[in-house]
Every structure is written in C-alpha cells, then in structure tokens.
Amino acid sequence: MSKLHVSTTVNGDAVEYLCDPRETLLDCLRDKLNLTGAKEGCGTGDCGACSVTVDGRLVCSCLMLGVEAEGKQIATVEGIAEGDVLHPLQQKMIEYAALQCGICTPGILVAAKSLLEKNPNPTEEETRYWLAGNLCRCTGYDKIIRAVMDTAAELREAS
Amino acid sequence: MVEVHLWSGLRSLTGGQQVVEVKAKTTGELLRALVHAHPQLQAPIDAGVSIAIDGRVIATGLTEPIPEGSEVYLMQRLRGG
Amino acid sequence: MALDDRKSDFTFVGTRPNRPDGLDKVTGRAKFGADISAPGMLHGAVLRSPHAHARIVKIDTSKAEAHKDVKAVVTRADFAEVPFKPGLEGEFWNVLENVMAGEKALYDGHAVAAIAASSALAARDALKLIEVEYDVLSHVTDVDKAMAPDAPVIREGAADYSVPEGMHPNVVRYHESGHGDVEAGFSEADLVTEDSFVTEATHQGYIEPHACLGMLGNDGKGELWCTTQGHWIAQKTCAALLGIETSQLRVTASEIGGGFGGKTTVFIEPVALALSRKANRPVKIVMTRSEVFRATGPTSSASMDIKIGMKKDGTITAAQGVFRLQGGAFPGAPGDMTAMCAFAPYNLTNVKQIGYDVMSNRPKQAAYRAPGAPMGAFAVESVIDELCNKLGLDPVDVRLKNAAHEGTKASYGPTYERIGLVETLEAAKAHPHYTAPLKPGQGRGISCGFWFNHGGETSVSLALSEDGSAQLMVGTPDIGGSRASMALMAAEVLGIPYENIRVTVADTASLGYNDVSHGSRVTYASGLATIKAAKHAVERLCERAATKWGIPTDAVKWEDGCAVPSGPNAGDFDPMPLADITADMGSTGGPISGHFEATPEGAGVSFGTHIVDAEVDPETGKTCVTRYTVIQDAGKAIHPTYVEGQYQGGAAQGIGWALNEEYVYGEDGRLQNSIFLDYRIPVASDLPMIDTVIVEVPNPGHPFGVRGVGETGIVPPLAAIANAVSNAAGVRMKQLPMSPPRILAALKGNG
Amino acid sequence: MNYHSPASFAEASALAANATGITRFLAGGTDVLVQLRSELVTPDTLIDIKKINGVHDITRNADGSWTLGVATTGAEMSEHPELGKDWPGVVEAMDLIGSTQVQGRATLTGNLCNGSPAADSVPAMVAAGVTVTVTGPDGMREVAVEDIPTGPGKTSLTKGEVVSAVNIPARGDNAGDAYLRFIPRTEMDIAVVGVGVDLRLDGDTITEARVALGAVAPTVLLVEDCAKAILGSTLDDAALDALAAAASAACNPIDDKRGTIEFRTEVAGVLAKRAAKIAYARAKGENA
C-alpha cells in the first residue's frame, strides 16, 4: 500500500506529509505534524474533541481523510492564540474554570470560535446546540456556556 | 477492654456474637485480639476492614490509638472512585 | 492524626484564582496520555474476544509473528505467574486475568493477545493474522439470572468467606449489617411500602481513552507514561504482573482526560510493557472508544428490593434493603458499599441491609464516583418519595424529620461526628427553587445522598527556592483542578502568594507512595499533607530566623509570610520575610524543604441534597430536565469554583445515568452500543444551567475543615430525577435509565 | 485501500466499474470514515467525488426546481438564503444529522446511499418527491429517492453507478413540508422514528399529501394510507387520528438498542400528527 503525498496549510504554515489513504486528518495532524492539540475521543465524529476548521468550516478531523486536506486551509487549537496573546475565549475558559480535565477544551475552543465568527450574539440555546457535538464529561457544560457567552458579549463591546 | 461492634454478617464467624470484647490500645492490636478471640475473623480481616473509632473511620491504619471507652465498629474496607 | 491548630480564618483559601495548568490546556500543548512519542517507538494493538464466554482452545500467533511489520506478539504466557485467591484478596490475579485472558475469555472484548508493530495501522492489520480457536460456552450478563441455580459458572472458587452456603458460585461476596429489629419496626408503621428497582450498568465516559507508552528492558528496568488516577498503583500492579521489582519501574502520570474512578486500575499498561520487553523498543498503546466501552471498567448493574415503614407524621420506623450488584467476571461489585450507604442519611432505630457481589460475563467493573452509592440511593429515596406522596407529606420535611446528625447511630454502625446533612436540607427548603411554581407536565424531585470519602496513603514534598518561591510535589493526578487547591493551601501556610507556588504531579521516582486520586481524597489527603509539609518548612524557616536573631527557636513564630518574634520578651526584631530567609539558606544550614508522609484517617463523610424539575412528554416519554440545584457539604471549599464544578459534573453524570446511559447487551452477550452515538451521555443542549449551593460544616479531621467533594454529587441525582419524572408522569419509575421507551411503556401500563 | 479523486462523474463511474472488491464513494465521509475506522467496511477502492466541478453548487432552475451538487453539505444547505424557504422540511431534516461539525461535511447523497432506514434526510426527501440523477456505465438515469434504498445498508445502484445530482421539485403554491424525528437526547442521536410530510392545500383543504416514515421498517416508507387519511380534510382531529393510526399501522420495526417495536409504532403516529400540523401551517403561509 503506497503512501500519498499531501501539501496543505495548517495554522498559516505550509506543510507536507506522506500518509496512508486510510489515515484521517486527525492522525496526520497528531502523528505526522506533531500537532497533538486536537484529541481523539471517539474516532466516529461523536465527541468533537478533534474539531478543526477546514477552509473556515468546522469539522471533526477524525471524519476526514488526511489526503482530503490537499490544498486546504486547516486551523487547529494551536493557532488560536496570536503569539503570546490569548484569544478572549481562551482567557475566559481559564477565568470561568470552564475546564476540569481539559481534554475536550481544544475542541470546544475551536467550535466556539467558529460559532462566534458566524454568530456574534448567540443565545444560550444557540450556544448549547452549536456545541452539542462537543462532549464534556467533567463540567456539566454550565461554566463552558457561561464562558462562551461572556466572551461573545465582550467581543461585541470591543467591536 | 474495648467493645468491638461487628457487622451482622460476621455473626456466623463468632458463634452469633455481634459485640466482641477484647483488650487493645491500637487498631492493629485490636485486629490481632479479634482473631485471637475468634480465629474465623482472620478471613474478613484479610479481605480488608476499616475501623470506626467514635465515628471517625480509620480506613487502613493499624497504629491509631483507641482511647478508653471509645465506641468501636469494625467495617468492611471502604473503596472509592 | 492530631487535630492541631484548626484554622477558620483564611487569606488565600476560599479565593478563586486561575488554575496553573490553564494556559497549557487552552493552547493545546498539555500532554495527555496519547500525546507523547519516543524514538524507535512501536504501536501496540490488542486482540479481543468476540465471545461473552469461551474456552480458549488454541492461539496461533505464527502468521502474525512472521509478518515484516510485527515486532512482538504477547499472550498470557508472557506475564508473571500470580497466585489465585478468592474474593478481593487475589486482586493482582484478578487484574492479570482481566488484562490478558488465561484459559477462558470471560466477556465480549476480553483481551486474548497483543501485537507491537511499526505503525498503528500495521498493528491493527496484523491482529487479523492471529488465529484463536474458541470453544464457546453459555453466558450470563444479568445479575438476577447470574444468581439463579442454572446460571453458567464464571469461575469456581472465587467466593470469599462471607458467602453463605448454598449460594451459586457466581455470588462471590456477601454483606449484611444493620441494627434494631426491622420486623418490630414495620409493625409500628402506619404505612409500609415495598418495591423492587433495577439500574443498568453505566460507564464513566471520560473523553480521553486509555493510552500509555511503555519501555521495559530484560534487565527489569522500565519506564511507563500513562493516563491514570494513580501512577503508584499502576507501578505496583504492572511490576507484579510482569514479575519485576516495583522500584525498577518509573511511572509518570500524563495529564488525565477524565477518570471518575475508571482510571484507578490498569488495562493496557502491562501489555505495552510486555510487548516492549519482547521487542526491546518503546511501545505505545491507545485504546479506541469501542475498546474503552467493551473492555475497561464500567459500573455494576443492580437489582434491589426496598421496604420502608413510616408513621403518619413522617417518622421512619424501619428500613430494609437487599442490593444485588453484578460487577463483571471478577469479584468487586460494591454491593457492600451500596448497602452501607443506602440508608446512611437517616436516623433509624431499625435498619437492615444486605449486599451481594455477583459475577457475570461482563467486563470487570471499576469504581465510578461513589461506587455503589447512587444505585442504593435511587431505590431508597424512591420509596421515601412514594411514602411522602401517599401520606401527603412534604419530602424535605420528612427527610429533615429523619435526618442523621452528630450523635446519630449510622445505618452502617458507628456514631456520626459533626455532619452537614441537616444544613443541606435546610438550604434546600430555603432555596427559591424548592418553592418555584411548576408548569403542567412538570414534576419536582428531591433526594439526599451520602458518601464516606477516603484518606489513603499520601506523600508530599515542598522545596523553597532562593528567591522565595516554592515548588510543591504531590502524587495525586490532578483530575479537577487540584493543583490550584494545593497551591492555595500551601500559600495559606507559607504566607506567600498563590502565584509563587508551582505544583507538580511528581513521578513515582520522585516521591513516596501515593494512593490513587479516588475516594474524593485529593483535596482532603494531599491537601492535609501539603499543609503539614508547608508547616514543616515553616518550622525550618523559623529556626533560621531564630539563629539570625540569636534567640531560641521557640521564640519565633510565623505570620503572613514572615518570621516574627513570638512576643515582646522574645526581642525586638522586624518581621523577616520568607525570601530574606531563603536568599542565603545555602550558607545558613542548607536548602529548606518540608515534607509529609502518612495515611490521613479522618476523611469525614459527606452529604448532599438535590432538587430537580423535569418535564415529561406524555406522548413520547421524553424527559427534559428543566431546573437543577445541587446542595452539598464541602466542609471547607478551598477553591469554590472547582467545588461548584464537581457538583455540576456529578449532577450532569447523574442526569445521564438516570435518563439515557446504559450498557445494552444482546442475546449473544455482546455489547451493542460501544460508541458515543449510542452510549448517550448528556450533550450541551440536553442540560440546563446547574445551580449550586456550597454548605460548609467543617470536617474535624482536616486542619482547614475540608471534606471530599468529588463523589457525593453523583449520589442523589438518580433518585432526585426519578422522583421528578415519576411525579411529572404520574407513574413510579423503578428502572434506570428512564429512557423514553421505558417511560412510555410505564405510562401505557398505568393508563 | 486505493484512493481516487476523479475530475468527472464519467471518470468516477468508470473507476467504479473497473474496480474489484469493495468500492465506496466519498462525499462527506461521515459514514464511510466511521465504517473504515471501526473496520466494518474497509473499501478496496475509495472514490472521492469532491474534486468534480459543481458538486457544492445549489442551483435554482428556471422552473423553480432545485439542483444540488452531491457534495453539498448540510451547513451549506442551511446557510442558503432561499432553499430553506421553499423546502424547510428537507433542509431541517438534513440539519438534524449529527453535530455542527458533522454538518460541515455530511451530504444528502451520502445519507441516502448509506442505506440506513433511519437516515433523517430520506423521509423528508421522499415526502418532497426528490429524485437523484445517477451516472453509470450506460449513461444517466433519474431515480426517485424512495427507489434507492433496498434494505439496511443496501441500494439499487449497480456496479459503476454513482449519484451525480439531487433534484428537488419546484415548491409551487400553497404547499409546505416538515420533518420530525424522535431521539432520546436533543442532539447527536440516530432517529428512533422519523416522519416527513409534504402537503398542498386548496384553501383549507389538503389536495396533495405525501407522508414518509423512517426507522420503522427495513427501508424508508412512503405511506399511501397516511396520505389518504388526510387528503380532502382540513387536518381536523379526526383526520389527524386517522393519520396517526395509518402511520402506526404501516410500521414494521425491530426491537434494538435504540427503541422497541411498541415505542416506534406508537411514536410514529405521534410524530406524523405533529409533522403534519407543521406542514399544514407552512402550506397556509403561517410561521411554523
């Protein structure tokens, strides 16, 4: 089984890798590019811990093949902060203690950032439904939802 | 002397007694004394027990002092998650 | 433990600073179990039984071994001989048998062989080259059926001393306790209600699958990196299973992506080490989600009979419970814990409880948050609710009337010290939620819950640096923000800012033994040890100040981060800050550290009361939890935000258990729902905000009054939600989960 | 596994026709990758059709009908400013599938060709009278959606055939569609029961009706008796009861981990009523 060559862009950086056609984008990010921020919680698109955006669209990187990334723009949790400046969502997640173990946090951050880019003023219900594909087993979601909505409010004020 | 209250499931090992009186100043002495009085209690003690002294549960310690007149209960070893 | 200088006035404790691992976790750089690699690393994969119960006739690994990508294959023969003993005494044997099957495969998913290969895909592919010949045996997965005379025997000789004669060999442990005369008590009652209840097995559902990286040489020296709640138990168990010395294996705990009790033992870790020893290369194994569900440690399922007598004024005259728990193909189902916790919230004259530990063809149960307690509370609190309904009594008033308090003889025997149940009930009664109007179709439920909490073996070490900062090494993996709590407690004693303390979860080579992060013990026991270690360092600091001032050591005391003369007679010296003492400590006697090693005994039991509103769609049986309030005694909340987080998380897991989570086994004994699609944990849109009330009734067994908070929060929800749903639907729900088909069937049966 | 990304449907068809072993087409991949990962289906040949021109296009044709490219995602459908106004039921059904993340990938075509009787978009498409264009070695043909699935995991597509477009009829006047499903949670589940309804009215009276049921039989059912139960009515209580009875009567479900026979049969009737009310309100131009 020969490997395929893929050229793609991750967090603004041009990267290349060789992959087996069966390997997912998540496998490639983690094992070939050493970007271990995205996590594999299920491998079936049910937990959202592997969330990334592809050409701006929120997806589960476990539900996309590595070869499909050819020519795409991928964004992962590692690219959310700008240098040493955290994104307001990252700051609020810490302030609100919206994480306990933190395994779902990268996926939540990528998904929530995508929400706020599309809908700067989400209701609680919209936030909850948008994040329904991001399982968290520790927090009961309460503090996560509050952190996301407070970030939205702060970003609205700032703009 | 210490009055040791057993859980009722142990009565079959002590000839029906649920309270056993033994001489002991620490939790470890107490367990040894219990086995001395009722050798069949070795099995539950090997399987794991905790000891409550005046309501405070000693999960595993064998050196805890047992003050005179304390209420002492033998309990099955506690496990957590 | 001497209860010296109890503190109630705090500077740092009770504040809510950001957690020290926050930045790593929001930027994706925190290293969890699967996030590490090693040079020359191989990837392991495990072959698992497709049968619920089968004799392993033959395993032929020759084709796999011949494959170019395969570097090692292991079966049971590659592990140490460990003695078999009945009950829980032979736990190393039980764990080994679970980690790699011996003569029989005992459940769907039971490991039978493993491979290390050059890539994860190659390892998975090569599993297909192993040929296993099975002789399929009849199986049983239900607890009641496993106790029946005609049930297939899982293993002869597994029962311990406690099991009465004449019981099926699958019954492996028996517990009976109580006091008074329940029959006399029932005869005094105005109303006696008796009912049976069933709960299905659930899984802890941590989002991070088990993962490890093991390295072991044939010199018996090894390294293990793994996601675990306790790396010392992993060290001890792996060493025993591989036949090496404990101290020769260094285990490092990764960041842990949730555990809730499920990561208190080992599964793949000894396998990775065995493969590594054979291949002489590092081996990484990462479980798939399906493997996590099929072959790690879910909870027990339970079948329970409850009988309670009550007077018209709400006084409980007698209570009796029989709790049958199935814990998979090994001893350990916490029937004893269920029995001991079930009636613990109440002051009872007559009480009797019986617990059974039963084996079946399912994976070996592991702890899950207050293991055993939620099931019992569900059954007991449902019957109390039913009695309240029938007698027209307020459910909080009835619980207050019967509530255990300091001096009450507990249902499990001893007399309670200071406890906080009454305070949680009073807070429930005063909470606006309790009197808020309900809409049509909604029902309200309340429940109390109890958990013992635990101390356990603990070692902590604290070292001061020249610049006056401190590094604290603890041995309990941080599963919910404990590094923040530890730093707060150390700051409180040292009198230096929280930010100046770096807390590390040390590896097994850097610190003495530490029990697992379980039993809600971390803030209690590691916290107590941190306080003692910091005090130990403070003693050294005072000694140095005394030397510098030329006064006796006992003339120096520690205040707000400074050494000060203990009184006017001690001398007139300006306070000497910590950093002034550490600045030249190398030349005033050497490095200053503090440490503490002990098994703190005095964890302090804890109680909670939950209020739930639920709405049931009468046409479909679908339930929506519309409002939820958790009230629980924390003793003293060190970091209140993380205490709230524990309460909310416990409630959310309880909601899942109550409504939709369950292990579904087919007729063939195979698990039907081993993915998150069909094992339905609550998603964000399923839940309301979860309100919390922290009650603080200090634990006399901790210097700052801490009681563990991690587990009690999952005890009341099952019952509270069942009561809310039953009140909304107008029919008593006796089986969990209360999935829509079950509720609709109950509604139809009632109509 | 060999991976191909052809530039045309003809090429895709030829690749499939000449392939040996198991062949799968990759649209959104939300089922194919799950099956691959769980080793349920490891294709020998995987044909990615997303590099073919126009596969993400949503086009309103001159006659008011719609043509959707086969890789059009649920998210793209939901974001389209006009499609959901014409066919809210179809768009909502698609939107119910999986999470926001899954919506970024999943397609109508994939949902249909996966052959699951519980596929959410299929009852909605059947009710709406949607057809698909199939390209094969012998050229193109147009097939009604209800004729594609033949059983769980099975379709009527033959070797070398690939769905190359989704065709949604013109909405027309005084009409509305709706889809409802039952799941135990609020999101992320597979339908235990699904009901799609499409209605056209003359005044208050129903003149055209199509009702399709999902997850209650080996394939999605287009139920004539349900339509008959409400045709000519104003969706009064008697008509609704008749609809529910017809829906329940049409069910031939199984007991499984997701629901019981009794539950599915009962709830099919409940959802048929609820979906019909929404479709009726929409046909009347009311906000529903």
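To keep things simple, chains are lettered A, B, C and D as they appear, and every chain counts its residues starting from 1.
The working rule: contacts are C-beta pairs under 8 Å (C-beta built on N, C-alpha and C of every residue); 3 or more make two chains touch, one makes a residue touch a chain.
It should be emphasised that the depicted structure is a prediction, and the values quoted were computed from it without experimental measurement.
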Name the chain pair with more contacting C-beta pairs, choosing from B-C and C-D.
-> B-C
Mean-CA-position distance for subunit C and subunit B (Å) = 26
Distance from the mean Cα position of subunit B to that of subunit A, given in whole angstrom = 55
Could you grab the centroid distance between subunit C and subunit D? Build each centroid from C-alpha atoms only and quote it in angstrom.
-> 44
CA centroid of subunit A to CA centroid of subunit D, Å = 29
Hunt down the residues of subunit C that sit against at least two other chains at once, touch-wise.
-> 260, 288, 675-677, 682-683, 685-686
Where subunit A touches two or more other chains simultaneously, the residues are 22, 43-44, 46, 129, 131-134
Can you list the residues of subunit D that touch 2 or more other chains?
-> 37-38, 186-188
Listing every touching pair of chains gives A-C, A-D, B-C, C-D
In the complex, go through subunit B and note every residue touching subunit C.
-> 5, 7-9, 12-13, 40, 43-44, 46-48, 52, 54-61, 64, 71, 73, 75-76, 78-81
Residue numbers on subunit C that touch subunit D, as the complex places them = 124, 288, 290, 619-622, 659-660, 664, 672-673, 675-678, 680, 682-683, 685-686, 739-741, 744-745, 748
Residues of subunit D that touch subunit A when the two form their complex | 1-3, 26, 28-30, 33-34, 36-38, 42, 46, 48, 50, 73, 75, 98-102, 104-105, 186-188
What part of subunit A is in contact with subunit D in the complex they form?
-> 1, 4, 21-22, 24, 43-46, 48, 51, 54, 57-60, 62-65, 67-68, 111, 114-115, 129-134
Which of the residues in subunit A come into contact with subunit C in the complex?
-> 20, 22-23, 27, 30-31, 35-44, 46-47, 49, 76-78, 80-81, 86, 90, 93-97, 99-106, 109, 125, 127-129, 131-146
